[in-house]
Each structure stands twice: as structure tokens, then as C-alpha cells.
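Pasting the structures in now, so scroll down.
In the two complexes that follow, chain A is the common piece, with chain B as its partner first and chain C second.
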Partner chain A sequence: MGDSGRQIGIVQSLASLMRGWGTLLLMSGFAGAGLTLWLGLLWAPSVSIDAFEAPVAQKIFYWHVPSAWAAMIAFTLLFIGSLAWFFKRREWGWNLHVASAEASLAFGMMAVWSGCIWGAAEWGVPWDWTDVRLNTFALLTLLAIFLVLGRKSQPDGIETRDTFATFGIYGFILVPLTYFATRFWQIRHPGPVIATSEGSLNSDMGMVLAIGAISFTMLVLGHIICGIRLTKMESRLLDIQDTIDKEGI
Partner chain B sequence: MEDTIYLAVAYIGMLTGLAIWTWTVLSRSNNLEARLAAVEASLNNSEE
Partner chain C sequence: MPDLLTMSGVVIKRGRNTVLDGFDLDLKNGEVVVLVGENGCGKSTVIEACAGLINLEKGCINAAKTTIRDSDGRHGRPVFPFGLCLQSDCVMGDELVKERIDDVAALCGKSIDGQALLKQWDLGHRSQDRMASLSKGQRRKVAVLVGVLPSAIADSPTVILLDEPDAGLDEASVSRLSGLIRDLADGGHGVLIASHNSKIIACADRIITFDDSVIESTPSDGVAWKIKSKPAKKSNIGNRLDRRTLGSLSHNIIPGLLVIGALLALADPTQFDSRMRIGAILAPALTAGLTGDPISSRLAEARSGDWWRSMRTMPPNALLHVLLGCALLTTLACTLFGKLDYTLIAAGAGLGMITASVILILHQATLRLSRPNALMIRLLTPALILPWAILVDRLA
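Up next is the complex of A and B:
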């Protein structure tokens, strides 16, 4: 077997490995997300009725926090992919950018939507335009919408990729800003309850939240791995179509 | 009780949304794989 044959063999093995791992992570993550919701609804203890206006609605926390966590992972991978494409012209960087932008959008929307449901029950309004955490996270999700829709509406090319990669790089500044927002400017969004000395999370609640965080991490990684594979296949199909057009086969 | 039903509906709605998105990704992947295999097969045939 020649060098090119060996390379094709390696690429095919990697593709099938990605497919297997991607699907496994997706399925396990999805099962874990279902288990988290079931435990959150029926097993996890309720919060004190004195501390919250809507104690039952607080249980949406088991969906909201893991989805926001998964969105942050996706935004970080989007940043890494954008850097790898913009500075090193790595094809894997662009594939990672595309897959992470889609995952960022989906998980960002889940966090925003679940937050609005909780806000409506607890605060009486679904959104607070003066809260820094809410608005920086919404800007991140809007950035993901722009990247996903923008890429779909533009022909693929170096200029297009550079433009979107630049947004992926500069937009990342919102990730640490969102993370630290409730530490510096706590307005309406609750402050941190884990990884802080002020946290007061019950151990059972912490366990359900940990199952949720692990499951959503698996889900987001599964989606990104499958997304990378999809982007690769789309590029391959476009290349073949170009070859057919040029050679008039 | 009404609050729990509200929460359960929200949970089921979100889980359904996640399931639809996951299914869409897997289905797009299978569809593209089939198209790619067909195009590559037809290219090989035309080269022979």
C-alpha cells in the first residue's frame, strides 16, 4: 500500500472513531440529561419556601446551570477553533469553529430559555435589562446566531472564514465577563453557589447538579464531534462537486 | 401542584427540543454520508 493509500486508511479510521465516539457521547449525554431532570423533579430536596418566591420553579436550575456550563465549553472551543484557523490556517480549526458555533447557539438558547421560565416565576418578569450576567450571556448567544446564520448565507472562502473567526476570537471576551459578572455586579441573577466560600448548596442538590454538568458536557462534546464530522463531509462533497464542474465529468 | 405541572411541562418541552436537535444532527450526518458514498461511487464508475 502506498503513502496516499495509508493516509486514506488513517483518515477513514479517524472518521469512524469520531462517529462512534460522537454518537456514544450524544446518547449517554442525552440519557444523563433525562436522569438529571427526573432526579431534579422527584428526588432532589426543595429549597426553603422563605428563601424563594417560587420554590418549585427553582428546580429548573438543574437544567439551566448545566446548559449554561455546556454553552461556555462550546464558546471556549469556538475561540480555540477561531484562533487555529485565523493564525495557523488549520482546517481542523475551521471545522471546530463551525461545530462549536452551532453547539453554542443550541446550549445558549437552552440556558436563556430556562432562565426566562425561572425569571417569570421567581421575579415576575422573564428578563431584566439592567442585569450584567443576563445581558452578556444574551450577547454571546446572539453572537452564536450571527455566526451560524452568517456562515450559511455566505459562500465558503478564506475572507468569509477570517471574518467569522475574528468574531469568534473577539467575542470570547464575553465569556470571562459573563462568568465574573455576578461576582462583581450582582443585580438580579443569583450569585455563585459552587466554587465559592459563600456557597450553600445541599449535598443531594450538588450531586444532581454534578450529574447534570457531566451529562451536558458529554452532550456538548458529542454534538461538537458530530458537527466536525458533518462539516468535513460537507467540505468533501463541495470539493467533489467542484471537481465534477471543472472536469465536466 | 400547579407549579410542579408547570415545571414538568417545561422540562419535557426542553428535553423534546434537545431530542429533536440531536436527531436532526444524526439524520443530517447519515444523509450526507449516503450522498458522499453515492457521489464517490459514481465518480469511480466514470473513471473506470
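Up next is the complex of A and C:
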């Protein structure tokens, strides 16, 4: 076997390893997310009724925070993929962009939806248009919807990839803005409760949250790895179709 | 002779295909180069790349000492605008014939007797007509005139890019065009043409086929052609066009009026608290801004927007009219929901114009896509509610 044959062998081994990892992470993530939900709803201590208008609704926090965390990971990977495609023309960069956009959409929607439910119970309104954190995160999710639906509306090609990668790169500005929003312009969304001196999180609550964060991290990474595989398959299918168009069956 | 235009090692991909792979070309002063080849071989891609409309994967395109575009994303505009006629006519249907000629001259900082030029091309009687009312052949004549005009009034040699200029022209007009091309070359200008027409091919100094062969040719001489011109200032095409078509009235102001009507129908303004009142006063301007610039949709006609983009100048827009419209809407909303407040009127006008500008930028950012109209760019517009909400919060 020559050098190129050996390289193909290594890539194939890595691909099969990734395939295994992707499925494993996805399954473990699902199990972890289920465990988080169970622990959060049935085991974790309730918050003080004096501190919250709707203490029961606070339980949604164990779903909302990990999904927002996973969405942020997906947005960061989306940015990396966009950079790799736009500046280096790496095929893996585009595959990562596509898979991360889909994951960003899934987890972003989870965070926005659960946040609205909590907001309706706690504040009396599901949304506040003047809150910077709420709106920048919603905009990130809208960007993910735009990237996913927009890509499906266009034929695959260099123009499509460049345009969407540009949106992926500029859109990343919203990630640090969202992260620091409650530190600089806290309006309605609660401020940070972990890794800060003002943090008021009970240790049991912290443990459930940590399980949630780890599970959702595995879930998002598994989702992205499987998404990359799917995008590669789509590309292969298009190549085969092109070959058939040129050479006939 | 020095090169007016050079393409070095150009690689261009369109969609999933590589259209040009390491393509080189040089165009000298007074030279006519014709690109010949079957459909889809890349002739139009060469013309559009030279106009700076297509991103390069590799290589660079230079006009004299200016980089038109390179693979690192650098791009610039030549000292004097080049002549460009794409396969589409690149005119908006609402432009008047003479107005189009005058605007292109003004873009080059010159003023000419457009009526006389149109008469030479049997279009004198249509000078005050809208482009949409012309026949296909007449529109093509105007597109060709617009394509050669910058060179005909330039003080120094320039590049002329013509993509199938003969398409839709009758035999007499093609003969006149081939004579005109030789006259322009005799004036020192470099002409790059993509064509299948034998009369146009006959006026070439060099014929480039896409099977890597170059054919030298000896065409007949022409007589240098130059149009007399005077210095002139650029005019605001977008606002002029909008005044004539009343585009901003239907595009921006009517949606704003509908919002005022809906608010009046649903709520009693006397019951509004301060926050609600300011929100209601600024809502029509926000709506008017969200509908975007009234000219941008017209620029999609016959690739008119691409023509302006290639000139590296701000495309025509009517943002000034949007600003005035939003100020009017806010004034009306002030009188209906409270009392006149100049701060609120200024805020409404600014909010509407900034919102419309953002929509215009988003629209421009997606023009490179093969199906820009299929894109759901409006999905990103809810973000523009945030500045309105913050403004309402601060002003309340």
C-alpha cells in the first residue's frame, strides 16, 4: 500500500472512530438529559418561596441553563467552522458549520422556549423586548434558523458557502455580548449564580446543574458529529449525481 | 504597449464547478480582444470577473496599477469608471432613457448632450420614455451605449467590457456597433468582448478560444471617437426615481399608516401610560423602516444592482425619503397619541432610517447567492425591534 493508500486508511479509521463516538455521545447525552430532568424535578431542593414569585417553575432552570450552555458551544463551533471554510477553504470547516448551525437551532430553541415558560410564570410576561440578554440570545437563535433554512433554499456552491460563513462569523459577535449582557446591563434576566462571589446556588442544585451541563455537552457534541457525517453523505450524493450527469449511469 | 487590464492565474468556481482554472489574459491600449466559445465555457465569467463582480479563488485582476480584485479579497475601482455591458441590460424599468445616459456620464463626473447621442442611435424620440416601455432591441441599444459611454468621454484610455452586446440587435445596429468598437479602439481604449457574432468577431485584434488557442487577426481601422463633455456633479438617482414612482409612499408610508390605524382601532390613546404612548408614537416609523429601502427591489431588475456594484459606488437608494417619511409618520402619531414633541419626531425619523439601512445592508450581503429572493433574510429583522424597545424605555 502506497502513501496515499495509507492516508485513506487512516482517514477511514478516524471516520469510523468518530462515527462510534458520535453515536455514543448522543446516546449518553440523551440518558444524561433524562437523568437531569428526573433529578431536577423530583430530587433537587426547591427554592425559597420568598425569593421567587413562582418557585415551582424555577425547576425549569435545570433544563434551560444546560441547553443555553450547549447552544453556546454550538455557536462557537459554528464560528470555528465558518472561519475554516471562509479563510482556508477547508471542507471540514463547512461540514462543521452546517452541523453546528443545526445544533445551535435545536438547543437555542430549547433555551428560548424554556425561558419563555419560566418568564410567563415568574414575571407574568414570556418576553421582555428591553432585556439585552433575552434579545441577543433570541437573535442568535434566529440566526441559526436563518442559516439552516437559508442553506436549504440555495443550491450548494461556493457563493452559498461564502455567504453563510460570513453570517456565521459576524453573528459570533453576539456570543460574548450575550454572555456579558447580565453583567453589564442586567434588566430582567437573572444574573450569574455560579462561579461568582454573589452566587447563591445550593450544592445539590449545583450538582444537578453540573450533570445537566455535562449531559448537554455530550448531547451537542454527539449531535454535531452525527450532523457532520450526514453533511458528508449529502456531499457524496451530490458528487455521485454530478458524475452520473457527466458520464451517464 | 502597456497593459490596460491583466488577469493572472485566475481560478473561479461557480456553484460546485471550477469555471476558470489558471486563466491568464492581458488587454493592451487600442486592442480589441474577443472571447469565443460554446455556451457555459466561461466567457461571461471572464467579463464579470474583470468587472469585479465575482470572487476569485486564486489569482488577481489588475487595471493599470489598480487591483480590481484578488483572491485575498482586496478590491478597488479604476481611476476612471470602465465601460460595462452585461448579458442583461442592467437598467431599471422606471429609469428614463436620457436620464440613464446622463446618470452614467455624471458617474464619470461629466455632462454630455445625451439627446444628440440618442439621435445617432435612432433613439432620440424615446429619450423621455421609461426603459420599461422600450422594445428589447431598443433597451439593448441603451445598454450598449451605457457600456461604451465612460470610455467615449474619458480623457485617458479605459477598459470596455461587453458581454454579448449584439444580442437582440438588428443587422444594421450590429454593423454600427462593430464600427463603434473599432473607433473606440482607435482612440486607445481596450475592448474585451464575449460574442458569437461574426461581425463582432471580425473587429478583433485577437480572438481567444477556450481550448487554449489564440488567433491573431487584422481588422480594419476605425476613427477615434470621443464625445464632447463638461464637468458635472453626481446626482441622487435613487431619490429622483422615488419622487417619480412614489415608491416610498407605497413601500414605507402605507405600512406605517396601517399601524397607526390598527393602534387607533384597538386601543384608546387617552388610556396610554407614558411608555405605551411613546411605543405607539415610534411604532409606525419602525414599521416603515422594517419594509426597507424602496429602490433596492427595483435594483434586482435586469441585474441593475450588479452594474452599480461593479462601479464600486453606492447603489441608488431613497433612504433620504425614508427619513422624511418616518418623520412625517411620527409627527402624525404624535398628534394622534399625545402632543407634538420634536425629540420624538427626530427619534422616529432616525429609527426608521437606521432600520431601513440595516435591511438594505442585509439585502446587499446576500446578492451573491444564486437565489437571493428565496432566502429568508426577514428572519433576522426581529432584532431591529430591540433598538425600538430600548429607545422607548429611555424616552419614557
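Just so it is clear, the second predicted complex is superposed on the first by the 242 of 249 C-alpha atoms of A that agree within 3 Å, B and C clash if a C-alpha of one lies under 4 Å from a C-alpha of the other, contacts with A are read in each partner's own complex, and residues count from 1 in each chain.
Definition applied: a residue touches a chain if its C-beta (ideal position, glycine included) is under 8 Å from a C-beta of that chain, and two chains touch if they have at least 3 such contacts.
This one's a predicted model, so the numbers in the text were calculated from it and none came from an experiment.
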item	value
Which superposed partner A:Asp162 touches (first chain B, second chain C, both, neither)	second
Partner touching more residues of chain A, whether chain B or chain C	B
A:Asp245 touches, of chain B and chain C: first, second, both or neither?	neither
Partner chain(s) touched by A:Val56 [first = chain B, second = chain C, both, neither]	first
Touched partner set for A:Cys226, first chain B, second chain C, both or neither	first
Shared chain A contacts, counted only where both chain B and chain C touch the same residue	none
Residues of chain C defined as touching chain A within the complex	13-16, 55, 57, 365-366, 368-371, 374-377, 379-380, 382-383, 385-386, 388-390, 392-393
List of chain A residues in touch with chain B within their complex	19, 23, 26, 30, 33-34, 37, 40-41, 54, 56-57, 59-60, 63, 106, 110, 113-114, 117, 121, 219, 223, 226-227, 229-230, 233-234, 236-237, 240-241, 243-244, 249
List of chain B residues in touch with chain A within their complex	3-4, 6-8, 10-11, 14-15, 17-19, 21-22, 25-26, 28-29, 32-33, 35-36, 39-40, 43, 46
Of chain A, residues touching chain C in the complex	89, 129-130, 132, 135, 138-139, 142-143, 145-146, 149-150, 153-160, 162-163, 166-167, 238, 242
